[in-house]
Amino acid sequence: MIKGELASTFVVLLVFIALYLYCIYRAVRGKPPMIRKVPGLDAMEEAIGRAVEMGRPIYYSTGVGSLDGGDMPMTMAGMTLLGYSASLAASRGAELRYIAAVPQLVPIAEDMLRTAYRDAYKPEQITFVPSQVALMSTIVGTYEREKPAANFLLGALYWETVVIAEAGARAGAMQVGGTGRLYQVPFVVALCDYSLIGEELLAAGAYVSREPSQLGSILASDIIRFITIALIIIYVIGSLFGVDASTILRF
Amino acid sequence: MSEKGGLIEVLGRNYRQVIWIGVLILCFLPAFVPLGIPISIDKLTIKAYKCIEELEPGDLVLVSPDFTPGMWVEVGPAMNAIMQHLFMKKVRIVIVSFYIDGPVLAEKILREIDIGDAKYGVDYVNLGYLPGMETAMAAFVENPRRIEYDYYGTPVEELEIMKDVKSIGDFKLYIFACVTWPDPWIRQFSGKVPKIITVISPAAISLVMPYVSGGQLYSMLPGTKGGAEYEALMKRPGVATSIMDATSLCLTFVMLLVIVGNISYWRKRLRGE
Amino acid sequence: MSWVRRREIPLLIFAITFIIGCFGYYIEHPAMGKIYSTLFDWVLLMSNLALGTGLIAMTLYHGKKIAKREKGYEMSFVVFGALILMFVSCYASPASREYLYAKIYTPASIAILCFTGFSEISGLYRAFRVRSVEAFFLALAGFILLMHFAPVYGFFIPGVEKVASWLLDNPAMGASRGIVIGVAIGTIAIAIRVLLGYEKAYTG
């Protein structure tokens, strides 16, 4: 019934799913795990305060990452943080604007900004551009003209990162960037004032919402990560002694 | 302030204008004065070349030009070189695109290379665009005959080349060009076709390397640089080779600027500014 | 709340497609294979429909902009003009369509890309500023890779290619694998949270 070559991965997947379900159940039942401080996320509040003082807008972008495949977790984390920063900005009286390059994200962002700003919401707060190139050129022009006080660049970022972060730096904006996409991480670190690297971004939703289910899934992810590291170490030690330890997972 | 110090200060302050003017000059210069800067050939380009060289005439090869026209300079010239080689080897080529611009870019490639006496529908076919990205790839892998009409609206049953395409396993090689996250193509096609070669933006190399060493990808061509290397192997210098002159000059300029910028930054820092 | 706005509906669609997609991949059974294949047909059909929906949405958006004389409405005329021109050329003459695509759209796209390239280079200049020890290593690795991508250095300094290959094959690849594993784990986490109805970001 189960395809022979995929049996072991199927079993591993089921074990991981069970672990997630257990950790989420445990957290929801009142034992949520603790999560360490993430300076990049605390800096968002500071950046919003700066925008209020300066009377200039905050710009937010999730890059060109969509809601599918490997981009999905990062984009979802980016959208969660959009909701968080929008409600924070709305409560302090700052204007947050979102530039989207993925059509599916527009209605989600609209809903989030509408919820945050209520009657103060303006449709111009969301700009949709149809491609990566258009996103980059729109941002370069807009930042040059409007000189935003803060620039949030959080999501599955592609090579628009350098252009957007450079435009933000030139405009003098306080920048918070974050992605899990490897080859953009160095640019986020080098160009932004605060950065969220890899798992920090994925944990952001849990960090800002403190929702037990999210905290529970982070605990499960960490346990799986430790299991993976242990397997890698076993494999490396096995290889040193001429033993193919990868057979552990072949059945 | 010394003359040298003054220059560095100016560069440090007005770096944007200096960079832009410099890049503009260095991009245009090789177009008027070809420099013929020599290039070295990467082992992966040689591997890709040998893979195509070993194909037999009549073998089926699947090609996906999945990028946008704006990215033509990044991967287009390399695709031209590789497609030229495929036509020279007289293999049969099936083109399918998972990006909306793919079919038109395929036409552009076919127009720009020498296809010899290859006949449409017999030696090559353009199946057009299949929407849905990764899901579309999975659907195509599950059944390549799912597409009923080619790019020009001809039913695929009427195309001779498609008579031999019963399943994805009929293809000897899959070549895809993309400029972003290559995982969807690798996830869906790896293990289904014997060999996969990608033409990819140099920025994505570190993402592709684990797949090359893991065997999911047979080889890769890093953008125009890979194209220039491929043209050198084919002994047919083309667009990619000419772009390499400008690339070498611009990258050298960037390196110089980084050094100058750092000197300016550290001078200021040491002075306590 | 209207039933079409209820969150349970997208959740249910996600759950069904997730289970079919997941089990269809692992399980070999004629019935499952048929469901799996049918699901693909549906997705392809919906992707095609989405293109049509996009056209309608775009027409409504720009139509409204012109009707209300909103800021930049003149550009909406350009959008409609280009749309009609491309549509007519597709059916009237394939040669003119090729011309519009190859001689106007492609160079325009490349030009915009090149324009952003200038910003990218000045961004690199800023990114490679050695402010700390980490930044020094980033700049050093970046330098070696820049030499790797400027083929002239590989020809005159053979060691550069070796060092660049080592950087790409070892540290970069190790980090790549770590990120790939991390993202894979994160994807499972998100899928389960969506399945259980805890993750709501995608429904707004």
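Chains here go by letter, A, B and C, matching the order in which they are written, and residues are numbered from 1 within each.
As a working rule, contacts are C-beta pairs under 8 Å (C-beta built on N, C-alpha and C of every residue); 3 or more make two chains touch, one makes a residue touch a chain.
Fair warning: this is a prediction, and the values are worked out from it, not measured in the lab.
Visitor: Line, ring, star, complete or other: which describes how these chains touch one another?
Guide: complete
Visitor: Tell me which of A-B and B-C has more C-beta pairs in contact.
Guide: Greater number of contacting C-beta pairs: B-C.
Visitor: Can you figure out the chain closest to the middle, judged by Cα centres?
Guide: C
Visitor: Just curious, how far off is chain C from chain B if you go by their C-alpha centres, in Å?
Guide: Each chain's C-alpha centroid was found; their separation is 17 Å.
Visitor: What is the distance, in whole Å, between the centres of chain A and chain B, each centre taken as the mean of its C-alpha atoms?
Guide: Inter-chain centre distance comes to 29 Å.
Visitor: Out of chain B, which residues touch more than one other chain, so two or more?
Guide: Counting only residues that touch two or more other chains, chain B contributes 16, 68, 70, 133, 206-207.
Visitor: Where in chain A do residues touch at least two different other chains?
Guide: In chain A, the residues touching two or more other chains are 70, 133, 159, 181-182.
Visitor: Enumerate the residues of chain C that touch no fewer than two other chains.
Guide: Where chain C meets two or more other chains at a single residue, that happens at 109, 112-113, 122, 124, 126, 128-129, 142, 172, 175-176, 180.
Visitor: Can you list the residues on chain A that touch chain C in the complex?
Guide: 1-3, 6, 9-10, 13, 16-17, 20-21, 24, 67, 70, 72-74, 76, 79-80, 83, 103, 107-108, 110-112, 133-134, 136-137, 140, 159, 162-163, 165-167, 169, 180-182, 186-187, 189-191, 198-199, 202, 205, 211, 213-214, 217-218, 220-221, 224-225, 228
Visitor: Tell me, which parts of chain B touch chain A in their complex?
Guide: Interface residues on the chain B side: 16, 68, 70, 133-134, 180-181, 183-184, 187, 201, 203-204, 206-207.
Visitor: Hey, which residues of chain C end up touching chain B in the complex?
Guide: It is residues 36-37, 40-41, 43-44, 46-48, 50-51, 98, 101-102, 105-106, 109-110, 112-114, 117-118, 121-122, 124-126, 128-131, 139, 142-143, 146-147, 149-156, 158, 161, 165, 168-169, 172-173, 175-177, 180 of chain C that touch chain B.
Visitor: Which residues, counting only chain C, touch chain A once they are in their complex?
Guide: Listed in rising order, the residues of chain C that touch chain A are 22, 25-29, 54, 109, 112-113, 115-116, 119-120, 122-124, 126-129, 134-135, 138, 142, 172, 175-176, 179-190, 192-193, 196, 198-199, 201-204.
Visitor: Can you tell me which positions in chain A touch chain B when the two form their complex?
Guide: 64, 68-71, 131, 133, 158-159, 170, 181-183
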